[in-house]
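What follows is one structure encoded as structure tokens, with my remarks underneath.
Order as written gives the chain letters A, B, C and D; numbering starts at 1 within each chain.
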Amino acid sequence: MYRVGILGATGMVGQRFIQLLADHPQFEVTAVAASDRSQGKAYGDACTWRLGGEMPPSIRSMPVQPPAPPLDCDLVFSSLPGDIARETEGSFAAAGYPVISNSSAFRMDEDVPLLIPEVNHQHLGLIEKQKRRYPSGGYIVTNPNCSTIMLALALAPLHASFGVSAVAATTLQALSGAGYPGVASLDILDNVLPYISSEEEKIETETTKILGRFADERIELAPMAVSAQCHRVNVSDGHMAAVRVKLARKPDLKELRASLELFRSLPQELGLYSAPAAPIVVRDEQDRPQPKLDRDAGNGMTITIGRLMPDTVLDYRFVVLSHNTIRGAAGAAILNAELLDRMGKIFHKIKST
Amino acid sequence: MYRVGILGATGMVGQRFIQLLADHPQFEVTAVAASDRSQGKAYGDACTWRLGGEMPPSIRSMPVQPPAPPLDCDLVFSSLPGDIARETEGSFAAAGYPVISNSSAFRMDEDVPLLIPEVNHQHLGLIEKQKRRYPSGGYIVTNPNCSTIMLALALAPLHASFGVSAVAATTLQALSGAGYPGVASLDILDNVLPYISSEEEKIETETTKILGRFADERIELAPMAVSAQCHRVNVSDGHMAAVRVKLARKPDLKELRASLELFRSLPQELGLYSAPAAPIVVRDEQDRPQPKLDRDAGNGMTITIGRLMPDTVLDYRFVVLSHNTIRGAAGAAILNAELLDRMGKIFHKIKST
Amino acid sequence: MYRVGILGATGMVGQRFIQLLADHPQFEVTAVAASDRSQGKAYGDACTWRLGGEMPPSIRSMPVQPPAPPLDCDLVFSSLPGDIARETEGSFAAAGYPVISNSSAFRMDEDVPLLIPEVNHQHLGLIEKQKRRYPSGGYIVTNPNCSTIMLALALAPLHASFGVSAVAATTLQALSGAGYPGVASLDILDNVLPYISSEEEKIETETTKILGRFADERIELAPMAVSAQCHRVNVSDGHMAAVRVKLARKPDLKELRASLELFRSLPQELGLYSAPAAPIVVRDEQDRPQPKLDRDAGNGMTITIGRLMPDTVLDYRFVVLSHNTIRGAAGAAILNAELLDRMGKIFHKIKST
Amino acid sequence: MYRVGILGATGMVGQRFIQLLADHPQFEVTAVAASDRSQGKAYGDACTWRLGGEMPPSIRSMPVQPPAPPLDCDLVFSSLPGDIARETEGSFAAAGYPVISNSSAFRMDEDVPLLIPEVNHQHLGLIEKQKRRYPSGGYIVTNPNCSTIMLALALAPLHASFGVSAVAATTLQALSGAGYPGVASLDILDNVLPYISSEEEKIETETTKILGRFADERIELAPMAVSAQCHRVNVSDGHMAAVRVKLARKPDLKELRASLELFRSLPQELGLYSAPAAPIVVRDEQDRPQPKLDRDAGNGMTITIGRLMPDTVLDYRFVVLSHNTIRGAAGAAILNAELLDRMGKIFHKIKST
């Protein structure tokens, strides 16, 4: 069991970390930290639990600490807000901690893996380069933006088999993606918001890094055009995207469907604890996927694709859905950590005192 | 004042017809008809009013009649369900009535105008051809599907100025588009439905007819690829579409914006009663258009465009919004009738007895 | 293992029966029946699954049968619509089946138990009287209306300890209580409906029967005034009621709270499979209970009470919440069956052929 | 025309003030003030308009000023947050301004009228007493809490005719009552919140003051028990309350209904600009009132009562609904000002420079 610290522990994603780690066989939460006014309080007093079920009892009395090293743990998971993530995560890496981050601060740094274990585990080679920044042995591994993850995961088998030359994604994103308090109820009741700050840019840039090749100790961005139009809809959890793709080699529908449905990768082969049996499920009902019915597929780690059909402007189109705070955030980071552990990148630290 | 009959008067669009015609200077509702079990009852008893405000008092005691000629009126507006619209509307045209229809039954017929007065009033030349079908002088004029109208209206100035070669539209459509009772609340609360029956096909086919050229007494379909992905969201009124376009000649953003914003057409020149001052409003706030804030622009007859910017896969992208039961249905049909009147295509009938 | 038939298997409550029985140690679904057009189809084709997760595979290919005896089972659970429940359930009882019903048809019959196992298991003595109606040995046991259950369960310890002389309940009820398709989305978005057909009457009459005394082979209604005002709100699952009570003996708040929180009864003593550890949980946070956070307490079988405080018009007030299709319907019926089994009232039938 | 200043101009109620005053015949907005970071900006830049339609053009370029005298106006409307209202409103009154306040700060002060013009215009006699506090001639008149207004207005004719001895109100309140950003969308989607800070206390105390008698220069509280249980539901505008009343003299239902429906008072007699023709409308449909359909009755100034019937615990019960930011806030204050003007309590000030 590794001892784990959570940075940003009181937020929506921080709560998911705690929920998903409550019964985890490899990781045990031993420290919680937050940048807000909750420092010094017990977690149970500092934090209103907003997920179903009860707050895990073991965490209730844990004191909320400032997000700065040292913390009593072997590695940290971070979901800090963007404005403080860069400095804080950097200081943990400098202090020798593996930083498994859901924040956007380091995602596009040249020596930082933007990891989806099923898609680009080769990119972990970048960790070696971080030794220059962090001689202590600490490092940073990030997971993509919540919408980018499902898009890149859906594109991965298509890109491997047929070559994706262009992709246009139009998202319908859930409220939990904005954190808490996030979107005001008066803004979203009987409404759609056609704008999410920085989201279109993140999808357009992160996707080409994730699908890029690791060669010569660097990532060669995937040569594809990516277009994103993002919307907030009145859904609690579950991001959806309507996707059109252009392929270098155009397969028939059956071959395309098979490449998605049969996709398995390293996490499935290694049997990682959080890895779903199938990363992608393809459904043939004409009205699926739906957030309410499909977000919990594979305990929130499976993405669901439906409405797969030829497109009249690009080659094919489909709708993809994933749980944005599990596969799209906390679950993604935990799967990253599980892979890092299996690859020998996580160590027991001497317990701080 | 022309006397008007409403076919499908008890449905959502039927109620909008009655609401919009309550104070109309040219049209007075003198007959209401419906295919359901409400026949024989007074309209006020047959119909639960589902729009804001009260049912117009003049309509309350009007008897609901079967939807078959003769009706005591000079023309009929129809929003009959698809399965009975074709036979019923045909029988009214055969009996000499102008049929201004919001139903899909005749939209793609070769001799039937699929009319948006700002876009393709030239297509009204097709009415002449209908004399072969309906020697009585009756005829059918249709308006497009609720999503197609806003898309075609947005594309019209672009197509005229730059040539649209491809368009990919992803819709987020309101509940009222499904009629009443329509979508079950359990299906849409905390959810999105990625499927609307026949909607994608309608948008893909109707758009090329509307933007087609009228020549040699027929419509030459516009040579453009149209792709539609349609979704139902938890919004009462106001369809939204995220649109990407490819243009034969690519203007700069400023020129593109001007072509949309300055667009005016025949209804504005003629000062038709329901014509908005501007068919298209372009907003520069980064989070507009929104259904709740923009659906009532121009009394529901103006479409609102926002988030206009270059696109990385096609040339430009934007988000468009319109009121689906006003500009997208009842208001569209009424504007059609106003234009037909101005062009001398509507006559006072001898009052039936 | 008893073999179980589900009457009304395709509805919302029918689906809950199937979900809750999927892994039940005592009951196995061997027959599904419905009154609608689904007869003859496989259940998986007849029924769109509307609950989270997947339809249990074992049920998928089971044929939907007409709701009439004989069915291949030892007992039936019924959630038939009111209009056909009386005749159909009666015919099953006459044919010798125990009928564990969630329908309202027989609830107020003099010889039919209206059972909440924690509250009035003594009422099962009425089954003896049904031998006059059903010499075959079949019988009918009902559970209360979904709102009544939580009210009666909350009142039970108060009535036992202090005597309830009056209760005024104002409900905020979930959409799933109306079945499927149930409430139209256009009726409930941005709205509240202050009316649910027959609901106020059911709460006002059923409560006094449930809390009544069984003596001399009959139920003596509890001598209390019950007032109910019912509303439908835009919530998927979880009925809430704001309750005010007047007590014959007025305890202090601490004693009142303890009587609720410490309440345990026969199902807890017997360790019935579906019995929650605590039938009632009392929460002290000022903003609980909430449907989203508390409906799944005790796997949906625990009711949650909060905002317990003195009242200025009656004696005390509180807010109570329960899962309306689990504790309020399917789960209630299953708990009833578990108790009946333990009391020796369920038998293995010779398998019909 | 009086020149009007708005304190708290950027909030939800502040925007309603501006919207309702845009075409007002007696009042013209000449100053806007807010306590937040918007000071110094133009109103159009400081404030995101959250109501339907566009921000009135005349207000767009008006500078947002600090909420402190002097302001260029003859009187001020205030909807300041509770924490600063007391000091700020007091300073305006001390400086000689009539302060027409929607804030709670002064409502229960002995010398401050808590005014509903239809109910207790006699209480304006208290203004005389304020001369001791404010020798300058300024004074404060408040309107009740948004839920209290509709309750007190519904009770007024009953209390006058029959004597209300007890009232138990259970509210279902709209989101706009919490201001902006107010309730987080994640808290209210698929949920109900059974708690609104201080709301129950306000209803319970304010009601007896409003319905109290003005005698000997003071208010004698109405001798009635008032109980309130308050809930937040997912509705944009329109507070609803389920009400039970006990009457000193119990009339029959017909007499009770008539007393509500025929209720008219001073604002109707005087023909005040914002006074609705009927303060109370009684509807007989079994499913009314509904927020979406009834909140705009009488331009938001009429309250709607339905489901009027005998009650089994108290004497009668009904459901009442009103627009919480019009009749319940900004519209209430404006009606108060209209009455004050008619009673000669508002004067033109020398224009400040």
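Operating definition for what follows: a contact is a pair of C-beta atoms (placed from the backbone, for glycine too) under 8 Å apart; a residue touches a chain by one contact, two chains touch by 3 or more.
Owing to the predicted nature of the structure, the values given are computational and were not obtained by experimental measurement.
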item	value
Farthest chain (mean CA position) relative to chain A	D
Pair sharing more residue contacts (C-beta pairs) when A-B is set against B-C	A-B
Centre-of-Cα separation between chain C and chain A, whole angstrom	41
Averaged-CA centre spacing for the pair chain B and chain A, given as whole angstrom	42
Intercentroid distance (Cα basis), chain C paired with chain B, Å	48
Where chain D touches two or more other chains, by residue	189-190, 234-236, 292-293
Parts of chain B lying in touch with chain D, wherever the complex brings them together	52-53, 189-190, 292-293, 296
Chain B residues touching chain A - in the complex, by the definition given at the top	166-168, 170, 172, 189-195, 204, 225-227, 229, 231, 233-236, 240, 242, 244, 246, 286-293, 306-307, 311-314, 317, 319
In the complex, chain D residues that touch chain A	12, 50, 175-176, 180-190, 234-236
